[in-house]
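Think of it as A, B, C and D in the order they're written, each chain with its own count starting at 1.
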């Protein structure tokens, strides 16, 4: 259920409607738009008494929402959501006019490794740094990440180079620490339907980068975002990273069609990860161009100065020189879509 | 790495080898077989000094294991693993001569509902009862399970009808409670690669029922079991529940071929869930027959006395009368494979 | 559109309705059932003038058919279709009480090979022999089959052992020859949507065995059968042979759920091919049991006396001794479903 | 097997080697490159006597080719293949510096429809016109194309607007006619493994546009091209048109990663069909941009002046005005890759 307010409704009227909704036992989610505010109602398994809400001052109408998701939907919020990520060197906006680039190693291996790569990434003007301190690995015997010491290294990267930090949380415990050290909490593909973790991320006060699960439909992907938003955290950035199919010429099948599909249904921004999406270094550059050309709001790219020695996913990491070329080409592609790059 | 002991090696010799392995900084996993003991070594990313082990008394040879999984592998343990689940009305063995049936509602909705269904299930002689107290649901607005009160109802089912209880844990917190109340801890398909939860289950002292993820390869499935075993819990029961494909005539595509494939590579028992596997009531009976015919060690079946009123997954639940027929047909199919049913 | 006739409608009345339908420019397909005849109307892209038909003697009602297929549908013909395949040693019925077994090599390699295998297959009582004279191979450099000399060998097998012959046609030219030499015309998975070939098979006067395409939905599978039936050949036998998915533990993913799904929607019989469906010898036996347990009307099994020397698909062929065991186990499984084996 | 000739080998030397190969019972395929000629040998199931070839004048070496395909491989021909399509208004090159656009309706419905659309397409400068006279449709009751009268309309389009014609053949009979009337013979996705048709196309003297099958791996796709080339027709243009996956937000999943994958393994040009690839009008423009950005050699786009009245696939056709915008955006994207558009 969605309550649409008049264009000139006062803040007090919005508050009154929210209070009434909560007095009925539901949760109210005021969503300010460019011309008017809408209020999403969640927690209603059965019917809500529309009459009592529609007659309140400032209310235009109450719309039953048929799609299973509400807060993520463009029906609820027509304008694109732009998420502000504070970074020492200047805030980064995701979902607006500029294409946002985020780069760094798959895993933080050492301070030296992270700082070396960060320096080269920062030199390209990119202000989002990625790197895993907690790595979900298929094998229990593979490198699982440095844990909190890895987060400390990321904090040092932020301090030295002014970049905002994006890093993955894999459970409640690591999410507590990621929330403390980092600027964006990443939820990985394997945890896209770890609903307990999604709810915890929904109570965090930092933006969440949510990766699409390997076999998630668009509805499931948006419902996972809805889990986060339904707990009150509206700063969700979606990320396509390839799905699993029969095709064996790349590690995953990057589904770029999902970008315009998300844009039609949701106001949330969506990035593309061409590194996991293809799993092969030589495909990162062409697929990065394609992702920006299709309309993605940004890229998540793995960069490593010594990919052949990387402790994880070296095969899909590009070297800093290739990343420079990538930034240059992306800038030109973005211009065709009247976008800049940051 | 795997250390194979002589057929007549003493327990003391086995202990000595384990101690040496641990003094080298690795983890030792003695695995008794019908004729000899093998000792799996985990925690070795690099090379293990074979020489010092191979020269120890009682050791036949040291075998480098090429497959990424070790403890789940039939290379490590040739004989089928039989898991004993203690139930008041008599222990249930999973993986042995008898086909194990486990039945009950998708979700525990109330004491009345659970006891009604349990009574009818118990009447068929089945001694494993399933029912969810924590439900991972695609939508945050769907019924999420009763939580601990649901577990208390399950405990009452056990007490009244003597059945062992199988129920799902979705995070560390619910796993603590499931371990306390239930007999088998279920890890759902969506959490098959929630490695933090797998490790926690590996430290539990109750058997774990691990469901295959919706797009998990056989290797990933076995590696998820390896996560649990690598923490010391060797009582893992696998469960096929359908995979995601393009086919739209059933909710999932039940992959029965995985049963003989598991049997070749692993010593662990494997059940089949024809309810989630098909998502349609009228397909549960034929696919149950097929699952036992292909060699599955048991079935996980959703039974509800009023499926059309079920709070979740009613479309795939069969009524108790149909379940009686299922038990009867399964008994006949099992007999063809020289198996009984319990 | 479907015209349902009264239970006691005369043959003359049926003929009159057919004539009227054809005078309107459509095609009439009278389909006799156990209690009444229905008449399918095809060729109508737009509306049919129902009034003029419904008022004719013997007509009960005219039903617009919503599903895209008509003649294959159980709406049109409630009773299972039983297809009679004439064989010198006694006709074989497919789709009736008995489970039909069809066995033989993947490809006919020589008279000696075919006769050796045929002798062993015939000794088990099986009366359908399969073997390819035209082989659709992924590579132009692989053995493509013997062509017409292969068909001559198959004719000799029929004569010597009294078995009916099932063999594949790959284009119009080979279909002309297969129709001449064989008893059942097989259309392979790769040609399931070769509509030109389907139409040609629809004009043949021998039954057609239609294999499901590697990524065909159930609707597409049934529509392919509809192509054959719409040309007047109602003797279509469906065959599931595995679909393509991400799973890599078997060559294809055998989709046994399609069997009850077909049975609900269509009156046509359906076989299962566990050899192509799994691609591995050791999986043929368990999946054969499962296929019969799920309700398939028969099996298509590859048997070769020297599988390691086979010119094609040796990896999935079983030896005659294994086939004997298969027949024995299938007989027992079929008995549970109150079916015999022929 | 591949015979590599010296850079300065004479034509006579090449001819001599070919003669020797054929005298050994194989087929020789001389493939001229920018610096040297290579000669592919096909028809060899067993070993070729290398010695007798390597000692011939002008031969550098004989390389056994491990991949199942040969003629399509970049190992055999390092330089990109550029295919010249003669058009009255000037030849079109596919696979060279310029991105080739091909547009037109899904099906030819009438002279008026085709000429109306052709006029508008021609006005954008595009010189390849597409339109089906033979339509492979899922249902036998759907519009199957106009047949030869449709080809006559296409011939009129060529004459009036100077465009080259691309149209599909579905069997030997239609291929004979398509070869007579059109400039490029299209083989559709459903016939990608109709090997009989591929061989016939290999004997045609016009270029072939080969669409990837719905569940074809890259190897199978290239092997289908190999079938055509092995019969002597080296002018094969590949086309990605979306594959079948679980994803339900678009009709197919357009697999753009296949473009750089093809480029690595083969010298053949590859186009992308964003119309079938997505199945939705509003996704055609963004995916067209992405396809060119990823490196495709051209696009195949469905354009219809009245898509809502189209007899087939109207949902994925764009109107001429949208196509103008598409051409404009493609021109800009192509420029980033230093390519022009024709």
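As a working rule, contacts are C-beta pairs under 8 Å (C-beta built on N, C-alpha and C of every residue); 3 or more make two chains touch, one makes a residue touch a chain.
All values derive from a computational prediction rather than experimental measurement.
Compute the centre of every chain as the mean of its C-alpha atoms, then state which one is farthest from the centre of chain B.
D
Go through A-C and B-C and name the pair with more C-beta contacts between its chains.
The greater number of contacts lies at B-C.
Using mean CA coordinates as chain centres, what's the chain A-chain C distance in Å?
Centre separation, chain A to chain C: 50 Å.
If you average the CA atoms of chain B and of chain C, how many Å lie between those two points?
38
Considering chain B alone, which of its residues make contact with at least two other chains?
215, 244-246
Write out the stretch or stretches of chain B touching chain D in their complex.
It is residues 244-246 of chain B that touch chain D.
Of all residues in chain B, which touch chain A in the complex?
Residue positions touching the partner: 42-45, 68-69, 136-143, 170-174, 190-191, 193-197, 199, 214-215, 219-220, 223, 226-227, 230, 244.
Under the touch definition given earlier, write down the residues of chain C that touch chain B in their complex.
Contacts found on chain C: 215, 217-218, 243, 245-250, 253-261, 264, 277-278, 282-283, 286-287, 289-295, 329, 332-333, 336-337.
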